[in-house]
């Protein structure tokens, strides 16, 4: 806590940037990352408040996925820190970060292809309950009725109820994305990172997903969404950060972003706002 | 745990037990019903079932499992030499030592994955083999193999050449010549030895079944499916892998121990890479990831090694004596290519044919047969690729 | 000093053989993604090409000797090679003497055919299969190949002398101003140069031809090359054939050093895998480097001075080095991320 | 002929008489373990007796194993009165009549030792447990011989060792049920040393390369003992890994060691490779300390020497028997083997053939197949006419004592088989030693009941 506290104070003092936010959950502080001399991220500062849905948008190659990867420990930043709920995430391995309550929904579905839909959802649920390792070779998987009930509920939520016993590899791409979402949701993370949750979905599926994410919001889950689809962004986001060329060029409410000239410039010809 | 086994699981266990225990009758027609081969079926069955816990569930291909088999064998013989001819201490000691050995090797090897992991395990096993054959001869008795001996007459005789058997001596158990392993007086050679191994095989099968159906087993399957994802799900995969490695190492230690129990000699070649390769082949041949497959694979390979290798031309002539002379000669000529000293050729062809036509091993064959019977039609082709064949829904 | 110099020579010589075998193995793995357990068998087949040529040259007609008796006391049946009758004893003698180097020509043709047939007939169907399946099927194939060889040539080693002119030892010491005790077999020097030449040729081929460029691109990123619309299938076949030829000539030229027997491929299999992995799966340079490094270390570990400190070290040095390299450099000396790690 | 017959019959029964009670009875209730009437294991009940031939059929010694099997088949023919009778005609004991053994026809089963102790024991167990073999014989390495000998002792059948040269087989690891006809490293040392002295003098410095396992050590020890007794100095003895393939890294140090003799304590493939490579290193043509450098291969195998080709020329070694011997027994054996198979027999074939005959003769003389009785008939048995001159099967350690052949690679071989010439037949008296020397204990016979 104290490290985080110090970092927070330093940052606040130096930059005079949204000085003290009491309910801040995720704090990205001056993160740099370059690949072979190419600056993927430079001086990125970002705060996510408790309970909000924070969207990160930006043109292709702006560094959105890199930022997410830094958050979950996949990529080590060259400089800077990511602090979550008082714990520094930088230097932690992916499973530790997840155990702290940060779950990620992948852009390209990363599900357990050989397992069934139900099993896919139960595995993260067990992880939440039992921690990162528990030697339980004699605890029957099929005896986990509580978790199964919960998993079934979540699966129903994402609309895969009638595919619950299918092998994940036989799902369509869209269904795999729903499954991804379910795997994130069942962990009840304090912070859910969604990497383009609706990419490649048909319009009415997208709407269903939006509804679902809204419902979760009511439960008070904090979310960070990377999204291309502005329809999704403006339907869900409380606040928006715009990333371009590895830098945050604007931050604010959806209304502010909509009217920000810099954003329009960055997106010119790329996306319809 | 027990309550959550499904009815088909119980059925499988009961059928498996019944089949194993009746092998001395059912294998009679194919000439395999004699104690040594039956023991080998059971022992290598245990070895393969254990190997499958690592390879079948997690997908980590160890090429050094024979090291644990060897360590288990040596530990058991040393138990016979130093403690008692009773097999229980030998069993416990073998499993424990193999487990510790597996923990050491697994802890290091599991820092890497894929083929790098395979080569690390292979390297450890080959080092064990080479040293056991030469420099470690004081412990292993090298080429000749570690054997049980009569009680030594003086402390000058090295322990390799004369035993002490502290417990048996303390209990005043009389010995004539070189004693035989026993379970509280019951001889562990011949059929009692087989039944001892068979019971342990059933127990091991049951444990493997529990593991496979447990949370732990599910995590192992998830590792095989997508280890990376599992990390992002909050699971620390390495301890799971190490646990699986150690468990399968203990299975191997148990199998090694049983080899020494049914035949008290331990040789270094049990650790050679070919022996590690053998268990890999058994598992894949039978069907990796299935419960029964590895046991079947072990049986097939041991049968080929013991029986197919013994069919010489004389026996072939006997078998085909119903054919007219010239045809008989031709047929015998043809088959002698594949049996007797040509048994390796049969083995090689079997590997190729099974993996080409039945990618899931023998068990895959059974599944197809069942499907064929169920549908009454030709079985549908099995989707090999794991990519999504279905287009976007909607 | 002399001793160390000689051990370096030994190491280079061994390393040459290791590198040649590993080169083909890693080439196949890097481009085709296939773990080929039959690669050792290809090395063995190459060696038996040399034996076969020798046998072919020795095809003889029989002549009953007037004076000599055979072991049963019957008149001895002498065999006279046809080539002696056709070309006269001088040329025939020359051909027989030089049969090992000449056999390279036969080896190249035979191994190319075998390689292409193997790839077309079997390996091709296993590109997308798990490594375990590839291992099983190629291991089975290796057994079948060696059993066939055993059927025709027996299990015993078959001597294959080097040409007379390079049969003895060269006084390397006198060239370099070292002592008279620095002598080294001519044939081993030839083998080292030969392996260097083959390695150089393979690298040049991959570096300077368009074909090679595509193959290297394929080793970097197989999918993309496939997407470029290049007929990758045909190229795979050629790559496999090339690997077979390299392994084959390595085997053929090795016969004067190691009289070939049907099992020699298996003896080299494990070692060549260790070399490939230490070098880094799919890295050609790594395979060559690892071959030489392991060869030289193995030679040094066998020195009495070192064995007296660490008994048995020569038995395990290769594996020990493999363990150390893999623990300090996760993907071997020159391996790339993500290859063979799933 | 033995294995499939009963099985096929059983399959037919299965088809014909479903539910027949006899079928449901397993092997072990019907015979063997519970049959107390027999006084020894696998007593033959019908009109045949089954012998088990356990030889390497795969692996490095497969060709030697094949030659052993040929010899056994020949022996069986001769015992059953077929063929020309071979050495039965020259054998000093006339007990055998060519009508089998004890009136029972000889049948046999075969198995593959793979030159691995485990596989060899498994294969021997099959022959004992499943095929009712009353005697096991064969093998091509000492590790296997000792392992199988131990097994036969436990199971209660006779073991007639094949090719095994280590002292331990009839020394430290000797067993009452085991018998060896082949010679050992101790005898090799005793026979070879005087010949080496005559040829190379007493002032020599020897460098040993030794295969790093039991037999290699045993060989090295014996040669050292006897050559040092002559005044030779042992410069160094280096252990090489079994199956090293390339020995160059062990050969180069020889060049600078000051040694003028290289002793290769290798057998089989190791011998072929190390000798070939040593010659390539120019060792045979070298001059050290003003003397010609020489190589010695203490145990020769003609079959294996073929693999080394011309490299064996002029190199000394010892062998148990060689087909060029001109005594009546050897001539008879070479004739019947050569006529049947087209080439002369190896020493492995000879020792196996002899062992089969010796066993048969002992059974005939004992009038039973009971191991303890057969063993007693072999103990102290003196015989002649089996190609090695007068031979004694010593009772104290079940080791044969006979003349030892010292051979040399022939300079001008007349055929591919004519690789070795016998330079000296070392008389038996010179190679005899005290049985206590090698330790071990025979223990009691085991009849397996």
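The chains carry the letters A, B, C and D, assigned in the order they are written, with residues numbered from 1 in each.
As a convention for this text, a residue touches a chain if its C-beta (ideal position, glycine included) is under 8 Å from a C-beta of that chain, and two chains touch if they have at least 3 such contacts.
These numbers come from a predicted model, not from an experiment.
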Shared chain contacts [subunit B and subunit C, defined touch]: D
Central subunit by CA centre of mass proxy: B
Furthest chain, CA centroid comparison against subunit B: A
Centre-of-Cα separation between subunit D and subunit B, whole angstrom: 33
Interchain centroid distance [CA atoms averaged], subunit A/subunit B, Å: 46
Inter-centroid spacing, subunit D versus subunit A (mean Cα positions, whole Å): 75
Computed distance of Cα centres, subunit D from subunit C, in Å: 35
Multi-partner residues of subunit D (each touching 2 or more other chains): 62, 66, 212, 239, 241
Of all residues in subunit B, the ones touching two or more other chains: 130, 133-135, 344
Set of subunit A residues in contact with two or more other chains: none
Touching pairs - complete list by chain label: A-B, B-C, B-D, C-D
Sites on subunit D touched by subunit B in the complex: 1-8, 10-11, 14, 23-24, 26-28, 33, 57-58, 62, 65-66, 108-112, 116-119, 121-123, 125-127, 129-131, 141-143, 146-147, 150-151, 153-154, 168, 172-173, 212-215, 239, 241-242, 439, 441, 443-444, 446
Subunit B to subunit A touching residues, read off their complex: 1, 3-6, 207, 210-211, 213-219, 221-222, 224-226, 228-237, 239-240, 243, 247, 386-394
Of subunit C, residues touching subunit B in the complex: 35, 122, 125, 128-129, 131-133, 135-137, 139-144, 146-148, 151, 270, 273-274, 277, 281, 311-312, 315-316, 319-320, 322-323, 326-327, 330-332, 340-342
For the subunit A and subunit B complex, residues of the former touching the latter: 72, 93-95, 98-99, 103-104, 106, 110-115, 119, 122-124, 126-128, 130-144, 169-176, 183, 187, 200, 202, 204-205
List of subunit B residues in touch with subunit C within their complex: 55, 61, 108, 111-116, 119-120, 122-124, 126-127, 130-131, 133-136, 273, 277, 280-281, 284-285, 288, 337, 342, 344-345, 347-352, 354-356, 359, 384-385
